[in-house]
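Pasting in a structure now, in structure tokens, and then I'll have a few things to ask.
Every chain is named by a letter (A, B, C and D) in the order it is written, and numbering of its residues begins at 1.
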Amino acid sequence: MSDQHSPRLPTTDPFDDDKLREECGIFGVTGVSDAANFVALGLHALQHRGQEAGGIVTYEPVDGFHSARRFGLVRDNFTRQDVIDGLPGPLGIGHVRYSTAGSKGATQIRDVQPFFGEFSMGGAAIAHNGNITNADALRRELIGMGSIFQSSSDSECIIHLMARSLQKSVPERMKDALRRVEGAFSVVAMTRTKLIGVRDPLGVRPLVIGRIGQEGWALSSETCALDIIGADFVREVEPGEMVVIENDALLSYRPFEHKKSRFCIFEHVYFSRPDSTLNGRSVYETRSAIGAELAKEAPVDADLVCPVPDSGTPAAIGYSQQSGIPYAMGIIRNQYMGRTFIEPTEQIRNMGVRLKLNVNRALIRGKRVILVDDSVVRGTTSRKIKEMILDAGAAEVHFRIASPPTAWPCFYGVDTPQREKLLAATMSEDEMREHLGVDSLKFISLDGLYRAVGEANGRDPKSPAYCDACFSGEYPVAPSDQIEKGFLLKAAE
Amino acid sequence: MSDQHSPRLPTTDPFDDDKLREECGIFGVTGVSDAANFVALGLHALQHRGQEAGGIVTYEPVDGFHSARRFGLVRDNFTRQDVIDGLPGPLGIGHVRYSTAGSKGATQIRDVQPFFGEFSMGGAAIAHNGNITNADALRRELIGMGSIFQSSSDSECIIHLMARSLQKSVPERMKDALRRVEGAFSVVAMTRTKLIGVRDPLGVRPLVIGRIGQEGWALSSETCALDIIGADFVREVEPGEMVVIENDALLSYRPFEHKKSRFCIFEHVYFSRPDSTLNGRSVYETRSAIGAELAKEAPVDADLVCPVPDSGTPAAIGYSQQSGIPYAMGIIRNQYMGRTFIEPTEQIRNMGVRLKLNVNRALIRGKRVILVDDSVVRGTTSRKIKEMILDAGAAEVHFRIASPPTAWPCFYGVDTPQREKLLAATMSEDEMREHLGVDSLKFISLDGLYRAVGEANGRDPKSPAYCDACFSGEYPVAPSDQIEKGFLLKAAE
Amino acid sequence: MSDQHSPRLPTTDPFDDDKLREECGIFGVTGVSDAANFVALGLHALQHRGQEAGGIVTYEPVDGFHSARRFGLVRDNFTRQDVIDGLPGPLGIGHVRYSTAGSKGATQIRDVQPFFGEFSMGGAAIAHNGNITNADALRRELIGMGSIFQSSSDSECIIHLMARSLQKSVPERMKDALRRVEGAFSVVAMTRTKLIGVRDPLGVRPLVIGRIGQEGWALSSETCALDIIGADFVREVEPGEMVVIENDALLSYRPFEHKKSRFCIFEHVYFSRPDSTLNGRSVYETRSAIGAELAKEAPVDADLVCPVPDSGTPAAIGYSQQSGIPYAMGIIRNQYMGRTFIEPTEQIRNMGVRLKLNVNRALIRGKRVILVDDSVVRGTTSRKIKEMILDAGAAEVHFRIASPPTAWPCFYGVDTPQREKLLAATMSEDEMREHLGVDSLKFISLDGLYRAVGEANGRDPKSPAYCDACFSGEYPVAPSDQIEKGFLLKAAE
Amino acid sequence: MSDQHSPRLPTTDPFDDDKLREECGIFGVTGVSDAANFVALGLHALQHRGQEAGGIVTYEPVDGFHSARRFGLVRDNFTRQDVIDGLPGPLGIGHVRYSTAGSKGATQIRDVQPFFGEFSMGGAAIAHNGNITNADALRRELIGMGSIFQSSSDSECIIHLMARSLQKSVPERMKDALRRVEGAFSVVAMTRTKLIGVRDPLGVRPLVIGRIGQEGWALSSETCALDIIGADFVREVEPGEMVVIENDALLSYRPFEHKKSRFCIFEHVYFSRPDSTLNGRSVYETRSAIGAELAKEAPVDADLVCPVPDSGTPAAIGYSQQSGIPYAMGIIRNQYMGRTFIEPTEQIRNMGVRLKLNVNRALIRGKRVILVDDSVVRGTTSRKIKEMILDAGAAEVHFRIASPPTAWPCFYGVDTPQREKLLAATMSEDEMREHLGVDSLKFISLDGLYRAVGEANGRDPKSPAYCDACFSGEYPVAPSDQIEKGFLLKAAE
């Protein structure tokens, strides 16, 4: 059902249309004087994980739970005194989102997390990063029993499963619920007194624990959001672990059957912020290492190494340092880019890309240029960038891509086009080079990528250390809703 | 839980604080090209029944159900092209509300009806006028079984009861649900193909049926909303009746045990618009008859009969015509009154009342004035008006009230103060006259009121034709949630 | 030049399109702690004189002059704490406007008064009610000398003439300026220390003086705005008088050549609020007297006298009392009427009028109805009302109009259609009756109107006591800009 | 006078408080089908020159001039269809601004350019980048003669001088006006048929000419705004030149006495976008050359060269390439930074800087870091950055600044703090190093900067090629208003 509560304006620009989209960032704090401010700051630092909407829930003893959910950026909503004043209390969680798996049309405010449910023993709110691969089946089952869904979000299943659990406490009900759920999930939840964090058994999505001074705790998708509030990084929530923080004590549970972890390798490539650390490694340094690995695998004689801003920057620096070819800002990004502009008629119809990016023409003219980008999804942006560079008089254009060809959709919380829209699903590397019209095109190998993220021996094909389904087509959790809808696994092709 | 979705501004003025408040107006249409426009017009005509918020749900086959819910007046929200464009389809229902019974604090957008639920066999939306007197008990029971409530509204119980019914069709599920519900309810509901109307067995709240041209149907709280869309009045939905309209046919059911009807007598006194008809009688003429009856019961020698605008006007005209004392507009209402003004400091602190009302000083000076008002609730406004009239130099002030003393709260969908705040609950008529400081004060008798509404023999104390609990303290349905909270029935006092 | 500063929404409803429009209300105070609040209240009470936009200027010694100008109603803009906080000081003036003579298209925010100018000896702000009939010529002259106009308003000429005066003080500069100006004007102005009020020599537009407690003063278009702030009415500013209030003293000047006054008679008929007094007479009582006069001049046998709400109400009461025919509310006005509704397609295209007005069908059916309205301008609304009444089953419809036929446009500050759009300019009374399709149609005579406003002998054709150009075509000040554009005076027709 | 027209929200972040601010960007086009879209795109590309507000004026023959002026970013205002639709025509100019010299308090919408004036022979609009150093004196003179100023902007003097000129054509009036004006100005203006561009005799601020296809022309502050609309760069408007474009012909005039040009050297250092060219040189390459020069002048043994993002980036790349020390992104900028956040109480009071910038902790730990920034103004940000870097565990911190010490305010269109707030005005380089608490601090020499911008022999002290008053205190135009207010020139200290 489409539902209009409040005006909603697009906040993302059309260029980013050619990127994979992390769907969510989650954050929670307890033991501070004013949780809402901390959560707002944390979500602001996680804004790259979702720009469409955000929400915060807090609890304080007098008036109970408080919630605010808004379309738009954290900075535009959760910096307002009136909004923050309506979110009192020492305990709170929050969520930023890009879009919900399963939603047919536009996102509605009721799809915006955290979700809240009142149970017999009290209320609970949850924020979910990931995707539940059996959500359709669960939803049918729950509706059949009389549950009323308010959103089109897969995540709402969790709160209904919790409402129907026969367990007495919220953490026990959450265990009940999450054992029914398949797929990838990192969850931050809260009751009146507890802050709870969980990661699925494979640990596909990140979740870390931080300490705020002597008394406060934080849970966050990434470490960069601990930095912004001055919290100290403690450790990651481990795959398959549930942590319950109450009265300043952290208790750890293992509610699921043990499995070997499969962290999302694309978090290293693109999703996480370069100033975060994953598994103790600086994301920036990993990306720089990917660039260096790429320079070894795919060298080319050229005058300049230029990043496609901003995501290709660390890999371009690594490529330049490994190859000795000078690094330069050949493409400049307009920092004020926002909503779509109304394009000025036929005269300049296809100029779109220059709204966001402009070539440093005087620098590029006559040069052989290596362009480093993080990934190629549909290829539409890559083509436009190539044209801009050639228009500016470049002698040669060489694309170097800091990830293997993206040939398979993600079903674990990332917004990917349908398989047939992925350039690498329908073309070989050579066909792609021709399609893009560049002098050369090289992707890093899957082994090369594994080496760059710290697996010295590359990928172990029998037991890969990461989820790399978008590159390999090997899905660590069967996407059962998708299969029901007709998706063919690699083996079945 | 407090929940912030969108900015919300007060739309009612503080003066009306001293009136009883009808909580809702409901409206539905089917068989028209653009239901949303019809519903918007209908709700606009019912705006006097609730100014805080409104909502519309429509259905069309391509994209399914559509919903828009907003704080503020119909004219400010549902006249916007973008809002109406988002509500396509030939079938729709709507709701305007004042405030929800049961809400502890400020109304949230999620409290705004219509409510929607998706069931195994398809979705349904409902709009409810009235109050469920066992809502607290039902809510506890439903939460205990795992239902998740989204609002603090008593009306949401109905949709959860429907979701859990084992019946196959929406109308059957609605019968199941409404048989569990106690209290007063007029309901307009819709499925993908059906428009449904129901009144509780006592028929406390109004609901009428209209015909739009040859093919369309409408359901409305009052006839004035049929007039605005050019629909023809067909008949009232009868107490205890459920009508189901589909494919241009209207089917009638009687799902409840038969009871003698008890329509709210205050609808005649104040709630309904003067251009509506109730039971075939013009509300305007009924009110004029009340004034005439009052002139017979409580005559007084005076120079002018003036209404307290605007609700006292028809009774004042009737009083004037019966008594022969000239009718005059002694008090003028500012038609641009809206939100609270910031008052200009100490200098004019208590001038508040003149923002909305001003005395026609030149007219009033030296005159003996009869002021006719529809009711006295707290008495605060009556005192201010008396002061204004005396300030203007009136020689005498006589209050004549077009209803008996309001001594008991309503639990059937009207917002009344707690019993101890009702002036007539703590004072005799004489004490009230002294408290208000007027030369005389007379209320119409309960028998007189019954005569004016058409009961030639007055009130039958054994089997009154109306619900008059607010005057008599005789509640036709035991208010069980209230009794649980400690409310003492008249018999128990 | 069209100029977009801020979003602007229509605030008046299309039905009032068939009324003459007073263009402005003006208000000023000095000697109070917080002038802006007083001015906001005063403008609110004068809102009927202009609903499109409003502005307030205040002065306090630290930061100087402050100004806020907004589209929309006073209650929606000048009740906001942030707006009022930005308008500190003990001295202030304000203005509400409908639309500016001379503006080709939509009003711009820069057309909204008060206007402000900085002169060598300090600044001044002015608010003007009326119309300058030689504004075009003055504007050409001033632009030729290098003045830069910011608005399309005729009133801006005054401030430019003041800026170019060689006098040393603001009051002297204002005298200089106003001596160059032809037409009708009531002006409220302020310097850093003075509150100034002026009326043109004929006193066409009203302006009154009030006292606030012991130390404050107010100037206002009408007395009803004194009532709202609890000020005492002192006297009217006399035609041709300038009052200068400073340090609690009021000085009176006579800057113009003496002329016999010609107050606008339509202020009695329609513009002023019924609770104001004009020349010591209650406007309500004058209108009631007009109705009584009309009953004498144009009696008819009928069952009911009904006003066209709300402006016809006092005259209908007078007609009823004189004729003995019962007064009744046959037409009910929707008090929540506002912006234009989107009309629901062909099915109910011409239903527009019912949005604002609805007939009390049960009351009207079979009755012979006298409808009393204040005036007929284009006649479009009268036709729709007649149709509504007949649709409801009235046996006969008789129109009685509380003013003579409006056959000439006003050039003194009232927005009238071009002459050829005025029904009475192209049709005789009999043709109008036929055009409207009613059983009878009668206007009060011009002599009858003069009698009702207190001229016992009716109108003195040699030296009429009022400006009645809209009825008589006799313009007391030659409309020179209009004549230059081709307007034919009555003598020239 | 403070004047409230519309809500205004801060759009710049508090961190940029420690930068010099270019006050304006100007842009104009003629000979295109829809000038407003072109101007909007051009202003978007010039947004770095002013983020507070923007305005566009267009002309088309039917309705004349059209204007829209708004607070906020171009992307938020001039991408809206309703705004663009209100700006029809083939000829238009626009302006983005930071803040106005001379304004005491907050900017008002009436301070937002372009300014418009109606003259006897038709209207004209102007947009001005720069600052008029005798504006106070001109304003006093003009007010004395009866001109009414609407804004507090120095630029408004130009239009009043034009209004009072006795010349017959707008270009001649503009020459008259600009000959009275002292200071720095690049002006884009328009009449109904002409697009006009002028630079002051010293050519302090930039202005370039572009060609749009075969028929259109553009004038722009920078070349990057030609790129965004696909225009070809033709040449710069020369210092002291006026160009008048009409009917596709460009005429060049030299209205001023010839002087040696003194272009603002800070445009090379910071103001212009890195993808613009100035005098045929890529700004990016110039900044990289400044970094290389700095590496030669001020080498230091270290592990990493990190830019202070984003303005220090090109110089850091140049420093790295010259020195051989690896370039790395040690500080990451949050790309979603916007309005001020509400800071979460005492616990994290001084964390502010991390909202915008975060250190790449894992990368920095234990390293000797060279930080390259474009300039030091107050030094407040430099201190915070140093602390962040040390907190992250850096072994050493060395600041290298790509401009000489900023010791003097700019009076030619750049917003600089008062002299005593400039760190370099009160401290030696050594004192600054100590104040900032870094291991070393070096600024490029003035000669080094001149070499990097292409003057092989460095600065000629007798006749410098640039305006470098902010570094040298040598003002090429005496700032007469400032001297009157007590500013002491270097010679007078």
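In this section, a contact is a pair of C-beta atoms (placed from the backbone, for glycine too) under 8 Å apart; a residue touches a chain by one contact, two chains touch by 3 or more.
Just so we're on the same page, UniProt names per chain: A, B, C, D = Amidophosphoribosyltransferase.
Because the structure is predicted, anything quoted here is derived from the model rather than measured.
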{"item": "If a chain touches chain A and chain B alike, it appears here", "value": "none"}
{"item": "Touch-network distance, chain B to chain C, counted in steps", "value": "1"}
{"item": "Same vs different contact residues, chain A with chain D, by half of numbers used", "value": "same"}
{"item": "Chain separated most widely from chain B, comparing mean CA positions", "value": "D"}
{"item": "Cα-centroid distance, chain A relative to chain C, in whole angstrom", "value": "62"}
{"item": "Euclidean distance of C-alpha centroids - chain A vs chain D, Å", "value": "37"}
{"item": "Euclidean distance of C-alpha centroids - chain C vs chain D, Å", "value": "50"}
{"item": "Contacts with two or more other chains, residues of chain A listed in rising order", "value": "none"}
{"item": "Overall pattern in which the protein chains touch one another (line/ring/star/complete/other)", "value": "ring"}
{"item": "Pairs of chains in contact (touch as defined earlier), listed by label", "value": "A-B, A-D, B-C, C-D"}
{"item": "Touching residues on chain C, where the partner in the complex is chain B", "value": "32-34, 37-38, 40-41, 44-45, 47-48, 51, 73-76, 79, 81, 84, 212-213, 224, 227-230, 273-275, 277, 281-282, 284-285, 288, 310, 313-314, 317, 321, 326-329, 332, 334-345, 347-348, 351, 354-355, 358-363"}
{"item": "Residues of chain C defined as touching chain D within the complex", "value": "1-6, 63-70, 83, 86, 105, 109-110, 116-120, 123, 143-150, 159-160, 163-165"}
